[in-house]
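In what comes next, chain A is part of two complexes: it sits with chain B in the first one and with chain C in the second one.
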Partner chain A sequence: MVFMAATSFAVARLRNLFGVVMLTGIFSLMSAVLYVVLDAVDVAFTEAAVGAGIATVLMLGTLALTTSEERVSEAGKPVWALALVVATGLVLIYGTFDMPPFGDPYAPIHHHVAPRYLEKSGQEIGLPNVVTSVLASYRGYDTLGEVFVIFTAACGVLLIIGRPKRGRRRTLRMKVGEMRHGMRQNVILRVVSKLLIPFILVFALYVQWHGDFGPGGGFQAGIIFASGFILYALIFDVDTSRMVVPSGVTRLVLALGVMLYTGVGVAGLLRGGNFLNYSVLAEEQTAGQHLGILLIEFGVGLTVAAAMITIFYTFARQEH
Partner chain B sequence: MEFLGLLNYWIIIVLMMTGFYIVIAHNNLVKKIVGLNIFQASVFVFYITMAKVKGGTAPILAEGIEVYSNPLPHVLILTAIVVGVATTALGLALVIRIRDAYGTIEDDEIEARENEL
Partner chain C sequence: MIAAQYPALQVVLALLAAPVCLILRRPRAAWAVATVITWISLAIALSLLGRVWETGVILYPMGDWAAPWGIEYQIDTVNAFMLVIVTLIGSVVMPFARASVEAEIEEERIYLFYCMYLLNLAGLLGIAITGDVFNLFVFLEISSLSSYVMISLGRDQRALTAAYRYLVMGTIGATFYIIGVGMMYMMTGTLNMADLATILPAVADSRTIQVALGFLTVGLGLKLALFPLHLWLPNAYTYAPSAVTVFLAATGTKVAVYAFIRIFFTVFGGVEVFNAGFIPEILAVLAALAMIGASVVAIYQTDVKRLLAYSSIAQIGYMVLGISMVTVTGLAGTIVHLFNHAIMKGGLFMAMGCILFKIGSVQLDQFEGLGKRMPVTMAAFVAGGFSLIGVPLTVGFVSKWYLVQAALEKGWWLAVAAILVSSLLAVIYIWRVVEVAYFRPPPKGSAEVSEAPLSMLVPLWILIGASYYFGIDATRTLDIAFVAAETLFGPPQ
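On to the complex of A and B.
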């Protein structure tokens, strides 16, 4: 954690935005390690896939389109900001004296619904990974909402920069063309990525279907799957990768994932249960839960992967 | 012991305030988004810290394990991270669009351009 704080200070000081983006990648890798130490393996998984992979690529894409150097502002200006920040920090530290100490099992957070999830989910849902049970079944509404947020964000990106201007397109095409030429020439990059990509995709599928038992699930799998594609597009060509998966298909899948999730909820309604109640989907309660969770995790995975690929395509088309 | 028990929270506050400082003191829009991300990460770490139970393990049910960490914050943060990257992408898209319209991504230059019009 001290390392994380040090990195964040470096981010604040550094003017070169390229360096800043690299440091944020390191920052999120360190936070992933921290999550493992704090027993949150599912979260660590997500953070490592998102922070070191997709977020960095998107940031770099933005830098390529804008500028990679921050203009130095006149000195002495941010004193008021520093004062405000220190004051807020001190107030917050004063607030921590009322917090329960770290790792205290008697802290209020561990005494409401959490024990019930831990004790009952084994019988009610029948899955060893409690995080998946809570995510997909007990809190299915929340997760549906999150999936819609991702869907909306991808739509927003499409609306805002979906149609690039002509003039900029041409100037940037030349610049990126040179860079991409360099990448394609690099034999090591090409061979290694060709070797790695199938494994990345297979691993994503493993994470998708094994999420009920170990750490993993739709969110992580979607991100990993998308990063496999993005790696391919970066090293070969965005156009080549678009031949493999056309952007129309990703947009369709984007909506399909959300519909699959909602559809499972409606199926529960039709079979006489509540919305997103999976117990009625099959003869036995746990079998229904298994089926429901598997399907909605698949929906989540579809939407997340499609959203990330769509966003990446949109950013990439800007420079193309 | 009391002192060490709160150390995690203090570092989280330092992280949060660093993010906050970047957001309010820097003019560059990409830098502001990075600041927001650091702020966001500090909140994530805060939740996960609260979920930890001393002597507990990851919340995957197994034979012979009695104490698990709290799964609920894990669920919240897991989805929040993915939503976070989607919204970051939206923010970056806005930055690109602003750069299109104003030719700069520095806050004060945009304001100056605005006043000219």
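On to the complex of A and C.
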């Protein structure tokens, strides 16, 4: 926690944006550790892959397009903004005074809805990982919404910066091109990443299909898969990786993922249940739930991976 | 049988159609899909409103998991009415959008635009329909993200800055909201609105809940552009593509007002939030400042779209004023104004869209002689302007009448004065446009008469016509608004 505070302070002070990006990556890793301490392994997974991995790559991509030095604004010191932030912080701290103490077994959150999740999800859904049961089934609709948030973000990136190319960026592109070239000639990077990438992809598949038993699921799997892929594109070439998976395909997968999720919901609806009722998908309730969760998690994985790769491609096309 | 599934279909159809647009990749096909889906959604919303009217609240547990374990849709008169407003505007915008979007957005991006439009529609409907505070946040994110993207598509380069600013402010708003929700969850262990309403009174005195309420108020205040949190709005509305401005101005802030009402009257319904502290007074003062301040600023605008945007901030002031009275009449005034303002402001921004389509600019000096050059569009603008001012027989009059009545009931003379002053200011800013358009000769060398295509004029006149139809015969909307207001004051069921 102290490290996190120190890092964020450094981020605010530092003028070199390259350093800032590195520090935010570190910040994400540390918060991932914090999540593990808080027993939220699934969140930690996502934070490590998104915050420390993909977000850093994307921010570096942005820096390559713009500049890595922050311009110091002339307008005086933002005293009012600082005062506002401090006031908000104080109000937040004031609010914590009446919060139940950390780890208090009598806190309201442990006594209202949680007991049923813990006690009955075994019978009702039949999965050992309660987190997955809650995310994918009890509150499956929220998860559907979140996948659509990611879908929206990817489409938004396509729409805003997926514009036809313009001439004035050429100089920057060349610079990035040289950097790329340099990386490809680096034998150590090439060999190590070639060794690692298959494992990363296999691990992603494991996280995908094993999410119902251990921590993990579609979100994490999708991101890990995408990061393996992006690593390849970074070390070798975006064009080479585009030959493996053309951007039309990622776009299609992006759409198919959310459609699969929604489709499972509609299937429940057609078989006489409400939207997203997986129990009616098979003869037995738990079998239906299991099938439904497996399918929707696959849908999540598809969309998340495709979204990340799409965003990366779109950024990279700006450079190339 | 299928009717029982309408609550889910209301949102899911639009959600499902968005990826379909992405796959189709053809502008016309995407437009056709979006049009059909919004029209079906309107039909569903109307039938839901009819059912709520006859049989009362509809509950729809997602995945058949009963609340509070699962997520439940809870539709009463208030949100059924919101659903109708959103889908109605959405359906009228679609035919208008075809020509307007083709003129303002590059062809290869149009299919993605409709994808965003559908997501935005689904997001707004999801906010309006849900009975779960976290689910509301998820759909708030969908609708916000898609609206930032749509705003950034404006032809003017400044659209990007406007969208970015809105993104920063909107994200702060959403974060504040989710902090508030997190604190409520910590103290109650539930996210379901009805469930929260029953548990909250017991813990309402805790500082955590008080802070939560503060964060929720500021967060939603940012979203609905409550003065002084409105700074994102003028640029966003001015530089967005016309169809986007129409849709967002008529629905986006309205849904945020609805969420505000929902949190205050339903979730905190069991807690007497309005008796403690000075919340009503603060809201009323902010509302009055918005009504007068924004109207004054509107007078000095040279961009007519921006003028209307400031007028929107003033109109949001009316809605908040109605809320701050905490009476059935005041709240009914707000709810009916949600509908009335949506149709008249939608109509006025459509008129802007037509002018932009033909003239290419909505700067005031370009309006010279427009009364002769685009008679049908300008007539609609004047008619809509009357409604904005609150001339009798228009919807604007109906809402103001009830707000004034509510203020009189409370003995708030200053509020009555604020409403009157703000209406007078509206006369001035509408008159400025009318004067330029009708009393100045058209610039030399301009075409005689050239009107926007029918596909744009018909939707325009539908909205303007509606603002007279519901102004002359307001019984239906008023009945709904009063029943809705009474439901909100009723015991949380």
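Simple rule for what comes next: the second predicted complex is superposed on the first by the 313 of 320 C-alpha atoms of A that agree within 3 Å, B and C clash if a C-alpha of one lies under 4 Å from a C-alpha of the other, contacts with A are read in each partner's own complex, and residues count from 1 in each chain.
FYI, a residue touches a chain if its C-beta (ideal position, glycine included) is under 8 Å from a C-beta of that chain, and two chains touch if they have at least 3 such contacts.
These numbers come from a predicted model, not from an experiment.
After superposition onto chain A, partners chain B and chain C are found to sit side by side with no clash. Once the two complexes are laid over each other on the shared chain, residue contacts for A:Leu65 go to chain B alone; chain C is not touched. Touch criterion met: A:Phe275 reaches chain C, while chain B stays clear of it.
By the touch criterion stated above, A:Leu205 is placed in contact with neither chain B nor chain C.
Contact with chain B, but none with chain C, is seen for A:Ala40 once the two complexes are overlaid on the shared chain.
By the document's definition of touching, both partners, chain B and chain C, reach A:Asp142.
After superposing the two complexes on chain A, the angle subtended at the C-alpha centre of chain A by the centres of chain B and chain C comes to 60 degrees, rounded to the nearest 10. Between chain B and chain C, more residues of chain A are touched by B. Applying the stated contact rule after C-alpha superposition, one finds that A:Val244 touches neither chain B nor chain C. Of the two partner chains placed around the shared chain by superposition, neither chain B nor chain C is touched by A:Val191. Of the two partner chains placed by the overlay, neither chain B nor chain C lies in contact with A:Ala83. Touch criterion met: A:Gly156 reaches chain B and chain C at once. Here chain B and chain C sit at a least CA-CA distance of 6 Å once the structures share a frame through chain A. Shared interface residues of chain A (contacting chain B in one complex, chain C in the other): 92, 96-97, 99-100, 107, 109-110, 113-114, 117, 139, 142, 146, 149, 153, 156, 160. The part of chain A that touches chain B in the complex is made up of residues 1-2, 4-5, 8-9, 11-12, 17, 20-21, 24, 27-28, 31, 34-35, 38-43, 46-47, 50-51, 54-55, 58-59, 61-63, 65-67, 70-71, 73, 77-78, 81-82, 84-86, 88-89, 92-93, 96-97, 99-105, 107, 109-110, 113-114, 117-118, 121-122, 128-131, 134-135, 139, 142-143, 146, 149-150, 153-154, 156-157, 160-161, 165, 168, 213-215, 217, 219, 222-223, 304, 307-308, 311, 314-315, 318. Per the touch definition, chain B reaches chain A in the complex via residues 1-2, 4-11, 13-22, 24-28, 30-31, 34-35, 37-38, 41, 44-45, 48-62, 67-90, 92-97, 99-100, 105-106, 108-109. Every residue of chain C that touches chain A in the complex is listed here, in rising order: 5, 8, 12, 15-16, 18-20, 22-23, 60-65, 68-71, 106, 108-109, 112-113, 115-116, 119, 122, 126, 132, 134-135, 138-139, 141-142, 145-146, 148-149, 152-153, 179, 183, 185-190, 199, 203, 206-212, 214-215. Residues 91-92, 94-100, 107-114, 116-117, 137-142, 144-146, 148-149, 151-153, 155-156, 158-160, 162-164, 251-252, 254-256, 258-259, 262-263, 265-266, 268-269, 273-279 of chain A are the ones that touch chain C when the two sit in their complex.
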